[in-house]
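Order as written gives the chain letters A, B and C; numbering starts at 1 within each chain.
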Amino acid sequence: MLNFVLLIFIYIGIYAIASLGLNLIVGYTGLLSLCQAGFLAIGAYTTAVLMTACHMGFWESMIISGFLASLFGILIGIPTLRLKGDYLAIATLGFGEIVKNVILNWDSVTKGPMGINGIPGPSIFGTTLSSMDKPEWIVIIWVGVVVTYYFIRRIVRSRIGRALEAIREDEIAASSMGINTAKYKIGAFTTGAFLAGIAGSFFAAFNQSVAPLTFDFMMSIMILCMAVLGGLGNSFATIIGTIIIVLASELPRLLGISHIIPPQLNQILFGFILVLIMIYRPQGIIGRIKLNYAKIVKEEIFDLEK
Amino acid sequence: MPLLYTQNLRREFGGVIAVADVDIEIFKDSITGLIGPNGAGKTTLFNTITGLDFPTSGHVFFKGEDITELPAYKITRSGIARTFQNIRLFKEMTVFENVMIGRHFRGNHPRIVNNKLVNFILGRIYVKTEEKDIYENSLKWLNFFDLLDMRDEYAKNLPYGKQRELEIARALATEPEILFLDEPAAGMNPQETESLMITIKKIRDMGITIVLIEHDMKLVMNICDKIYVLNYGKKIAEGTPAQVQNNKEVIEAYLGKIDE
Amino acid sequence: MNLFNIPSNELLQHLINGLTLGAIYSLIALGYTMVYGILKFINFAHGEILMAGTYAGYYFYFFLYDPSKGATYTIGIFIAALLIAMTASALLGVIIEKFAYKPLRKAPRLAPLLSAIGVSIILANLAALFFGTKSKKFEYPFDNSSMQIGGSSITPNQLMILAVGLIMMAGLKLFVDRSRLGKAMRATSQNQPVAALMGINVNLIISLTFAIGSALAAVAGVLMALEYKVYPTMGTMAGLKAFIAAVVGGIGNVNGAMLGGIILGLLETFGVVILGIPQGLKDTIAFTVLILILLLRPSGILMKNIREKV
């Protein structure tokens, strides 16, 4: 039982990194991306291949995974980010499907539908972790969550965040204020992809295996639900949303009734969360926190100098 | 040489010609008016000059350089700012923040190359210097428009006339050499229009060239040095207010509207 | 004719295959495009509405199917099944619009899109729950052994798809161009507030648009089902591709949706043949086409380049 609770905490941490990244894209910048699972897949497979076929260590694989995911973020971002929201959604959805298809068919590298097994755990202070070492995993992953949280906090409270907010409000007005909107949009998208890549890397190393069908469209939707449920444009709310969604999807197992609850119920629940939240509480449970940038500058720069 | 001029500027939408081979010249420190009946292509002309739309053919030159193909943000950075006919403020942002956004790219400290993310994450000292500059300069413009008391209000909560002023403040924060105003007096009462006229002159006296689209003929005839008249996308007249007022074609286009 | 070294008899074969696929995409794409024209919104659940209607038609057909009663009977119940599928989809489309989209008409653009994604997930999983994930075979109402025409084999079902597709599209064209309601529909898509002022019942027109689009999707669903069976996610990929077809033709444009569907069907068929793209990566063709068209001609083939009004 305790083991299972620890497992849930690990999953919450992994998904939180990915959903915080998505919140930067959807919540702060106002772009609807439906391929967070695709970036997770890229991160997970990069780590899997580097650690099994190339015998690299976990930490360097993780960094490479993050950067490879963000490279794909740039590649998909450049053509699609000139588009209006709904086109972008479909294009990113398509990209996620392409990633899945390529992984399924690229047997020589990804081992196709079989997936990759026997991924070694990360070594830390001379010992190699396995999936059994859950407390250690919790520490590693939650340190990752905290770093991610402060990383995003720094971005959104800076001039970059101010520009992202302006772009979300009115892209045309922002561009006629001299803001290179494409650069900021691609930047946000790529940063979100990077974080998903890191989350994917943790995912692969913790489970010690990856399979292509894990990273399907439903996973993207689940991550989207996490950001929407808590409240878009609020990192703390995103973590709360992540906790609720992971708990909700693991609850049947937690209560020991998973054998009588069909797996579809979970997804139906996600569907209802999206519809009902949009109709009755579009700002999410906690809602967006409006940052006052003038106050931030005053408090963080002027007042500190006194 | 004019500060900004267009050469055979043309914009077609499908088969409709919105702007038909228009040449205009804007001289430094002048106030130029652009008038014409609704649908004459005035806003389209503004859009093609400011990079929000691209001309079908023709060129725009600013300070001797061809800026026709530049995207909007680069045009703004080169020194051209604008306001919009249907106010486009960042409605859910505060008055102060709106002006700060206007100054967004001006804060570039010479040491910062492309606003690198890492500088912001680490909170480098020159990022702070820039933020201070943005903050203080924005205050200056808020003060100029008497918006200091309302600086923490959301832009959407401002009265209409104040929203128009805020939009001008935001545009001025980009430190333009030319300011394009699209119907700045629309929806204003006579007193507000009166004070707007004074403000526009004050801005011109700061060394900022002004181009404006306006339907309020009293305002146009009072403050403009030169007026261009568009009708069905074509330039039908140009000259001083007096010359334009007596132009037969213009009177026909307006059917006596000028005498209002 | 010896294009890309394909023997001419095979060329005809691929052409027919591509056109059949294209006709199906076109029928589905019409729904996306009509809804987009009026509400400026992508009905993400369109593919699942198709699936639901197809199940309704399938069960009706399945319970009454009896080969011993002769060909006339079978074709009769098939046509009835088609009509039931259309009605079911139309009703579902209208109901979904009322409950999940209408409250969001004035919300930011992201809201109805997310709501639609939610609806599509609910429908696909409900279907899996009630009908099972196993795919079900939709028996042909006629003998579907292929005929040899000019060295290529063509099935009667392919001919039926082409014929039904053509009739439906011609019917829709006539309706939109000629009828009073069609005119009201076009007026609403051009300017909703003014259409309302002119006495057009905008809510009725929106419902009608959803009904017609959904019914056309159901037709495509049944035609697809004969060829590829019935299963809960049958509408998802077909829906996505049809959406791409709509974008290729120019979303919001009825002619564009038809043209885009045919183009995409041909590209997919010939992409596999000419470029040697493996079957497993066939789906990538459509998404690559989408990204290319968005890059080169974002408003689609048949649309004029109109920028957002500033």
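Quick notes on this one:
Here is the rule we use: contacts are C-beta pairs under 8 Å (C-beta built on N, C-alpha and C of every residue); 3 or more make two chains touch, one makes a residue touch a chain.
Predicted model only: the values in this text are computed from it and were never measured.
At the centre of the protein atoms shown, by the Cα-centroid criterion, sits A. Put simply, the chain farthest from subunit A by mean CA position is B.
If you average the Cα atoms of subunit A and of subunit C, the two centres end up 33 Å apart. For the pair subunit A and subunit B, the distance between mean C-alpha positions equals 41 Å.
Averaged Cα coordinates give subunit B a centre that lies 46 Å from the centre of subunit C. Within subunit A, the positions touching two or more other chains are listed as 172.
The multi-chain contact residues of subunit B, meaning those touching 2 or more other chains, are 52, 84, 88. Across the assembly, subunit C contributes 310 as residues in contact with two or more other chains. On the side of subunit C, the complex with subunit A involves touching residues 41-42, 100, 103-104, 107-115, 117-122, 124-126, 128-129, 240, 243-244, 247, 278, 280-281, 283-284, 286-288, 290-291, 294-295, 298, 308, 310. The residues of subunit A lying in touch with subunit B in their complex are 151, 154-155, 158-160, 162-163, 165-166, 169-170, 172-181, 187, 191, 290, 292-294, 297-298, 301-302. The residues of subunit A lying in touch with subunit C in their complex are 26, 30, 32, 34, 76, 79-80, 82-87, 89-91, 93-95, 97-98, 101-102, 104-105, 172, 218, 221, 224, 228, 262, 264-265, 267-268, 270-275, 278-279, 282.
Within the complex, the subunit B residues that touch subunit A are 50-52, 71-73, 76-77, 81-82, 84, 88-94, 96-97, 100-102, 104-107, 115, 117, 120-121, 123, 127-128, 130-132, 134-135, 138, 151-152, 170, 174.
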